[in-house]
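Structures follow.
What follows is a pair of complexes built around chain A, which joins chain B in one and chain C in the other.
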Partner chain A sequence: MAIGKSMNRVDAYEKVTGQAQYTDDFFEGEMLTAKVLHSTIANGWVKKIDTSEAEKLPGVVKIVTCFDVPDIQFPTPGHPWSTEEAHQDVSDRKLLNQRVRLYGDDIAAVVALDSVAASRALKAIRVEYEEYLPLLSPEEAMAEGAPLMHEEYPGNILKHHTLIEGDYEKAASEDGLLFVEGDFQTQIVQHCHIEPPISYAYMKKDRITVVSSTQIPHIVRRVVGQALGIPWGHIRVIKPYIGGGFGNKQEVLYEPLNAFLSMQVGGRCVKLELTREETFICTRTRHAISFHETTGVRPDGRLVARRVKIVSNQGGYASHGHAIAANAANEFRHLYQADGALEVDVSTVYTSMASAGAMRAYGIPQAAFALESHMDDIALRLGMDPIELRKKNMMKLGYVDPGTGIACYSSGLEECIDRGMAYIHWAEKRKQYQNQTGPIRRGVGMSIFSYKTGVYPISLETASCRMVLNQDGTMQLQMGATEIGQGADTVFTQMAADSVGFLPENVHIVSFQDTDVTPFDTGAYASRQTYVSGMALKKTAGIFRERILDYASYMLQKPADSMDIRDSWIVCRETGEQLLGMDALAMESFYSLDNSVHITAEATNHCKSNTFAFGACFAEIEVDIPLGKIKVLDIINIHDSGVLINPKLAEAQVHGGMSMGLGYALGEQLLYDKKGKPLNNNFLDYKLQTSLDTPELHVDFVQTVDPSAPFGNKALGEPPAIPVAPAIRNALLHATGVAVNSLPLNPQKLVEAFTENGLLNGGALHV
Partner chain B sequence: MTKIIHCTVNGQETEVAIDIRESLADMLRQRLHLTSVKKGCEVGECGACTVLVDGEAIDSCIYLADWADGKHILTVEGLRGPNGELSPIQQAFIEEAAVQCGFCTPGIIMSAVEIVGSGKQYTRDEIRKLISGHLCRCTGYQNILNAVERAVNEAYQFLQQGEP
Partner chain C sequence: MYDIEKIYDAVSLDDAIRARVEDPEAVIIAGGSDVLIKIREGKLAGCRLIGIRAIKELEGISMDGDGCIHIRPLTTFSHITFHPLIREHLPVLGYAVDQVGGPQIRNIGTIGGNVCNGVTSADSASTLFAYNAVLELTGPDGKRTLPIAEFYTGPGHVGLGPAELLTDIMIAKKDYDGFGGHYIKYAQRNAMDIATLGCSAICRLNASKNTIEDLRLAFGVAGPIPMRCHKAEEAARGQLISPQLLEQIALTAESEVNPRTSWRASREFRLQLVRELSQRACKQAIIHAGGADL
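And then the complex of A and B:
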């Protein structure tokens, strides 16, 4: 069996030798360079653009402005398209925009012979604006008289909804409830994939090819078609290796403009790569979300009446729209069930800041920070162990989401918690670190989460796979699902080997997607591919096996059902005796003068299920109170992601998520000045975790076998980033008694909090 | 202005015409097609473009091609043996699952070549510091540290065994 083994990545050799080709590694003869002119105001209108000086510069081929582009608004998010208009994504931007909605909005573009000429041209373009007040928070945006970011959305509210389970007022009137309230605020952070967004486009005859660093090639094809108003069959999208995505490349941002620019220069090849500085402000970020929670709880710790108000800062464009705030709201419903009522009021609000979009775990890290911090606050008020409180209220096996029908088919959550407690010596340290004094104090904290696997039933879940037998008895495996660094190609190889009966080394996966030849899949997001695309793979393998066995039956004159495929051999089903090598079968099938068959299989699977993954984080920290500095002494994530296809890669995936969670907890934050201009949109000033900032990362798994999954597996890609920040915040609470309710927990904020709470007095230790 | 420079790239003497304004990263990528040299920031913040110049790891995006005149340049393309065999460092990166998206990988491997090539024994914390100029968003550095530590130890043991 290949599944469950820690085989090396199938793409590792290419990646350690420099052979792996990313979008910037192809040389197509002449490649023109495109650069985008970005607005230097955060809110207003472009009144006039003067390109006359820029056009005179040597090397400039073409300049287009927001006054030259098609009058088509298009949707950018990497969602499966909906044929029902009501469920379609918001179309609120053009290729270049006259209406400026954030600092760095795209207002003109230059195509030049090289990047120097393009950069010089950008500097020579003169722009006149009509400037409005920048809207730098949802409160400012919702205030009366605030300028509308989009005329269609009064009050700048993109969408608002209320999730209601039970009658809150009735539940809250129960005698003897203790009410706990809390306000929580998360910050804007960025994905920081190391490869910046990049694409290039060229035309051959009347078709346009776009090569792009994307998580979602088939969706890029659709959006380019929509944005340019051209038939989708005229567009070919190729996805090579990509240098990370984390959700930022689950959106179609610059490919349509890139295609348009190529068309504007007669189909010549044009490359458009963003700088790191542009990446921070012009692509996508994680939503800053505020939460107000009110919880009525019985003295025994049972949650009864829960009310939550969520306001999400969307930035200038809708991107994934309300979906992320709605997902955040669902976490309140999923992780804990009240014995009474839950009411969540959710708004997504346009502002004039960087547009927020999909980022690893899609709203759940924000929700987890608010929800799990609040749980510790409740436990403190009740004088109860935070774990006891959680276990009393958390999702149990058999739970069914009343809104979506998603059921809990398997849960290792309790065991995840138990293992974390044992690892960190919970009971002992919770006691040991009570009542500390002095400048250096320690604490332990934890948090838990649940996470869905894919997007069913909110959106379509469909995936396809193709298997082709080669002459030597190996197979070519083609997935519409994409490798974005997470290891998808390796786990698909393992799944295919087991599902067909081949040795893993006899499975050759095609890593690149090309929409002209790759079977359809919506791509890498929502931790969906091992589950949803795995189902398509399994279905295809069934057909492929049957065709191989039929041919074996013809060659060996034995009934197909008396045989099996194991280790790339046709064997007797009963005895396991090796009857025919796959190489011999394949040669005959290709070149037989009597019965030549090219054995292939292709299938689509429309997935109509979903399942919950779970996990917990436990952290031990040391706090230097005068410095306001947190040092993480020990940290572990324990995950129930069902059966692990490749344990070592799974562990590596968790490491990366934990690191992202640590950055979220301790340092990362995109800052703006009063005019809405970003202050730290580069790797020097934006405090991304380095190896020196990262402690040893410990990982454990509880492997449940999920009955709804193709291989017992559940979501893994995104979840590791979820529980880290609240676990550290709760450890801080344990260490100091100070509840800090906003992220990041950086020294400036902690010194202020310690001062407010009387631990520091003018920088000196007070108690 | 175009200038001809001479340098040794991955063991091969090379004559290359450069624009005196261009970076070594651009020269290696655009003119010699050594595309293991990645560009993640172009201002010396991320370390993805790291190559060795006369044995020293540098950010080639902020190193002028002109400065490489007369020098020895080593990139990941130059690490494999004469029959294509992987270096022990590359092997360690594969086996320790230190590679995910792979974009920061060649740069970190080149720093590892410098670290391992010193022949010194380093603690894990020292290695943490030595690779802290490389940004990686996928791995949390855990398996990268494992791979570099393993390569350092293997090389150190090899050298110790070689001594009488």
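And then the complex of A and C:
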């Protein structure tokens, strides 16, 4: 069996030796360079653009402005298209925008012979604006008289809904409840994938090809068509290897503009690569979300009445829009069930800041910070161990979400918690670190989460797979699902090997997607591919096996059901005796003068299920109070992601997520000045963790076998990033008694909080 | 691609000065770790460069007959950190420049560039202030020397005359002999970061190692340019070492510095760091000077 083994990545050799090709590694003869002119105001209108000086500069081929683009608004998120108009993504932007909705909005573009000529042209373009007040928070955006970011959305509210289970007022009126309230705020962060968004486009005959670093090639094809108003069949999208996406490339960013620019220069090849600075402000971010929680709890720790108000800062364009805040709201419903009522009021509000979109775990890191911090606050008030409180209220096996029908088919959550407690020596250290004094103090904290696997039933889940038998008896495996660094190609290879009965080395996966030939899949997001695309693979494998066995039956004159395929051999099902090598079978099937059959299989699977993955993080920290610094002494994530297809890759996935979680907890945040101009859109001032800031990351797994899944597997791509920040915040609370309710927990904020709480005063330590 | 109009690689010091006289607006490039960033950002886009990397006489570390240590400006941070003379006599400087960026930057960045940029956050600056470094400047009219404290004239501004180059950084024996010290770079990250505050303390103790004979306390980012806290130093001189003395040094230093509020850090936060780091740096400096751990 290949599944469950830590086989080497199928792309390891290529990537380690530098042979793996990314978008920037291809050359198509002459390649022109495009650069985008970004607005230098956060809110307003472009009144006039003067390109006359820029056009005279040597090397400039073409300049287009927001006054030259098609009058078409299009959507950008990487969602499956909805055939129901009411559920379609919001179309609120053009290729270039006259209405400026954030600092760095796209207002013109230059095509030039090289990047120096393009940059010089950008500098020579003169822009006149009509400037509005920048809206730098949902409160400002919802205030009376605030300018509307989009005329169609009064009050700048993109969407609002209420999630109601039970009668809150009735539940809250129960005698003897203790009420705990809390305000929590998360910050704007960015994905920081190492490869910036990059694409190039060219035309041949009347068709346009776009090569792009994307998670979602088939969706890019659709959106390019929508944005340019051309038939989707005229567009071909190719996705090579990509240097990370984390949700930012689950978005159609600059591919439509890139295609448009190629068309503007007669189909010549045009490359458009963003700088890091542009990536921060002109692509997508993780939503900053505020939470107000009120919880009525019985003295024994049972949650009874829960009320949550969620306000999500969308930024200038809708992108994935309200789906993220709605997902955050669902986490309150999923992770704990009250013995009474839950009421969540959710709003997503346009502001004039960077547009927020999908980023690893889609609203749940924000919800987990608010929810899991609040749980520790409740436990503190009750004088109860935070784990006891959680175990009393958390999701149990068999739970069914009343809103979506998603059921808990398998849960290793309790065991995840127990293993974390044992690892970190929870009981002992919770006691040991009580009542500390002095400038350096330690604490332990934890948090848990649940996470769905894919997007069913909120969106369509569909995937397809193609298997082709080669002349030598190996298999060509084609997936619409994409390799984005997470190891998809490797786990699909393992799945295909086991599902068909081939040796893994006899499975050749086609890594690059090309929408002209690749079967349809919506792409890499929502931790869906091993589950959803895995189902398509398994279904296709069944057909493929059957066809191979039929041919074996013809060759060997034995009933097909008396045989099996193992290790790339046709074997006797009963005895395992090797009857016919796959190479011999393939040769005959191709070249038989009597019965030539090219054995292939292709199938679509429409996935109509979902399942919950779980996990926990435990952290031990040391706090240097006078310097406001948190040092993570020990940290572990324990995950129930069902059966692991490749344990080593799974571990690596968790490492990456924990690293992202640590940055989210301790340092990362995108800052703006009063005019809405980003201050730190670079890697010096945006405090992404370095290797020297990263402690040793420990990982453990509880492998449940999920009955709804193709291989017992559940979501793992996104979850590791979720529980780290609240675990550290709760460890800080344990160490110092100070509850810090906003992220990141950076030094200045901590020093201010310690001063406010009397732990610091003019340099002298009090407590 | 970098937008560079042209680059001239000078073959000698005289050649570099000549090139600068001919084109006063040309920018000197040594390691390039700052200049190239400014070109990329657009601030220096389209500039003309004079490269001085090939000028061997501007590189290296030596000690003269008087025990004065000469650090030539093109010496990279890595070479400074690992040089035997630095390790023996100026370990604080070797440690301080090892806090710059990451290994790649330390392999190309030069101490001369760090000083000539004139920024208050330069990791070499506070320690050079503490060691009373003297700079040698060479121009068309010959050489002159200047104490480092007079070289920094304002944020991003230094006292380089027209067509002058920094040609030597000198630290006299009296300024390092018998001293022990410590540098603390306070930044949000442990690498690849800019100092929120830099604190360098060097001290010399009496024979019985219980009294401070001399203390030099210098800061980066505590004001618009790197600075010394002379009052705090004076308060420490001749005093018995005690926790109370460290607190007094810290509070005196706080009264001397003048950090500003920026979006990177507030004045109040930086003052807290001045108080705390001056104590921690002095405490460690005392240990390195042979004193006891308080």
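One rule holds in what follows: the second predicted complex is superposed on the first by the 766 of 767 C-alpha atoms of A that agree within 3 Å, B and C clash if a C-alpha of one lies under 4 Å from a C-alpha of the other, contacts with A are read in each partner's own complex, and residues count from 1 in each chain.
Basically, contacts are C-beta pairs under 8 Å (C-beta built on N, C-alpha and C of every residue); 3 or more make two chains touch, one makes a residue touch a chain.
All values derive from a computational prediction rather than experimental measurement.
Trainee: Please tell me, clash or fit, for chain B and chain C sharing chain A in the overlay.
Mentor: Overlaying the two complexes on chain A (C-alpha atoms) leaves chain C and chain B fitting together cleanly.
Trainee: Answer with first, second, both or neither: which of chain B and chain C does A:V116 touch in the superposed model?
Mentor: Touch status of A:V116: both partners.
Trainee: Considering only the touch criterion stated at the top, classify A:N746 as touching first (chain B), second (chain C), both, or neither.
Mentor: It touches chain C, and chain B stays clear.
Trainee: Does chain A have more residues touched by chain B or by chain C?
Mentor: Residues of chain A touched, chain B against chain C: more for B.
Trainee: Identify the partner contact of A:L692: answer first if only chain B is touched, second if only chain C is, both if each is, neither if none is.
Mentor: both
Trainee: Which holds for A:L684: it touches chain B only (first), chain C only (second), both, or neither?
Mentor: Both partners, chain B and chain C.
Trainee: Go through the superposed model and pick first if A:G485 touches only chain B, second if only chain C, both, or neither.
Mentor: After superposing on A, A:G485 lies in contact with chain B but is clear of chain C.
Trainee: For A:L537, decide between first (touching chain B), second (touching chain C), both and neither.
Mentor: Once the two structures are laid over each other on A, A:L537 reaches no partner at all.
Trainee: When the two structures are overlaid on chain A, which partner does A:I219 contact: first (chain B), second (chain C), both, or neither?
Mentor: neither
Trainee: Scan A:L649 for contacts with chain B and chain C and give back first, second, both or neither.
Mentor: first
Trainee: On the overlay, how many Å separate the closest CA atoms of chain B and chain C?
Mentor: 5
Trainee: Could you give the residue numbers on chain A that contact chain B in one complex and chain C in the other?
Mentor: In chain A, positions 116, 683-684, 689-692 sit in both the chain B and chain C interfaces.
Trainee: Would you tell me which residues of chain B are touching chain A in their complex?
Mentor: Where chain B meets chain A, its residues are 21, 29, 33-36, 38-43, 45-46, 48, 75-77, 79-80, 86, 90, 93-95, 97, 99-106, 109, 128-129, 131-145.
Trainee: Which of the residues in chain A end up touching chain B in this complex?
Mentor: Against chain B, the touching part of chain A is residues 6, 8-9, 11-18, 20-22, 24-25, 27, 116, 191-196, 241-244, 246, 275-276, 484-487, 648-649, 651-653, 655-660, 662, 682-684, 688-692, 694, 696-697.
Trainee: For chain A, which residues are in contact with chain C within the complex?
Mentor: Counting only chain A, the residues touching chain C are 114-116, 119-120, 123, 626-628, 667, 671, 673, 679-680, 683-685, 687, 689-693, 746-748, 751-752, 755, 760, 762-764.
Trainee: Which positions of chain C touch chain A when the two form their complex?
Mentor: Listed in rising order, the residues of chain C that touch chain A are 1-3, 42, 45-46, 102, 186, 188-194, 196, 247, 250-251, 254, 263-266, 268-269, 272-273, 275-277.
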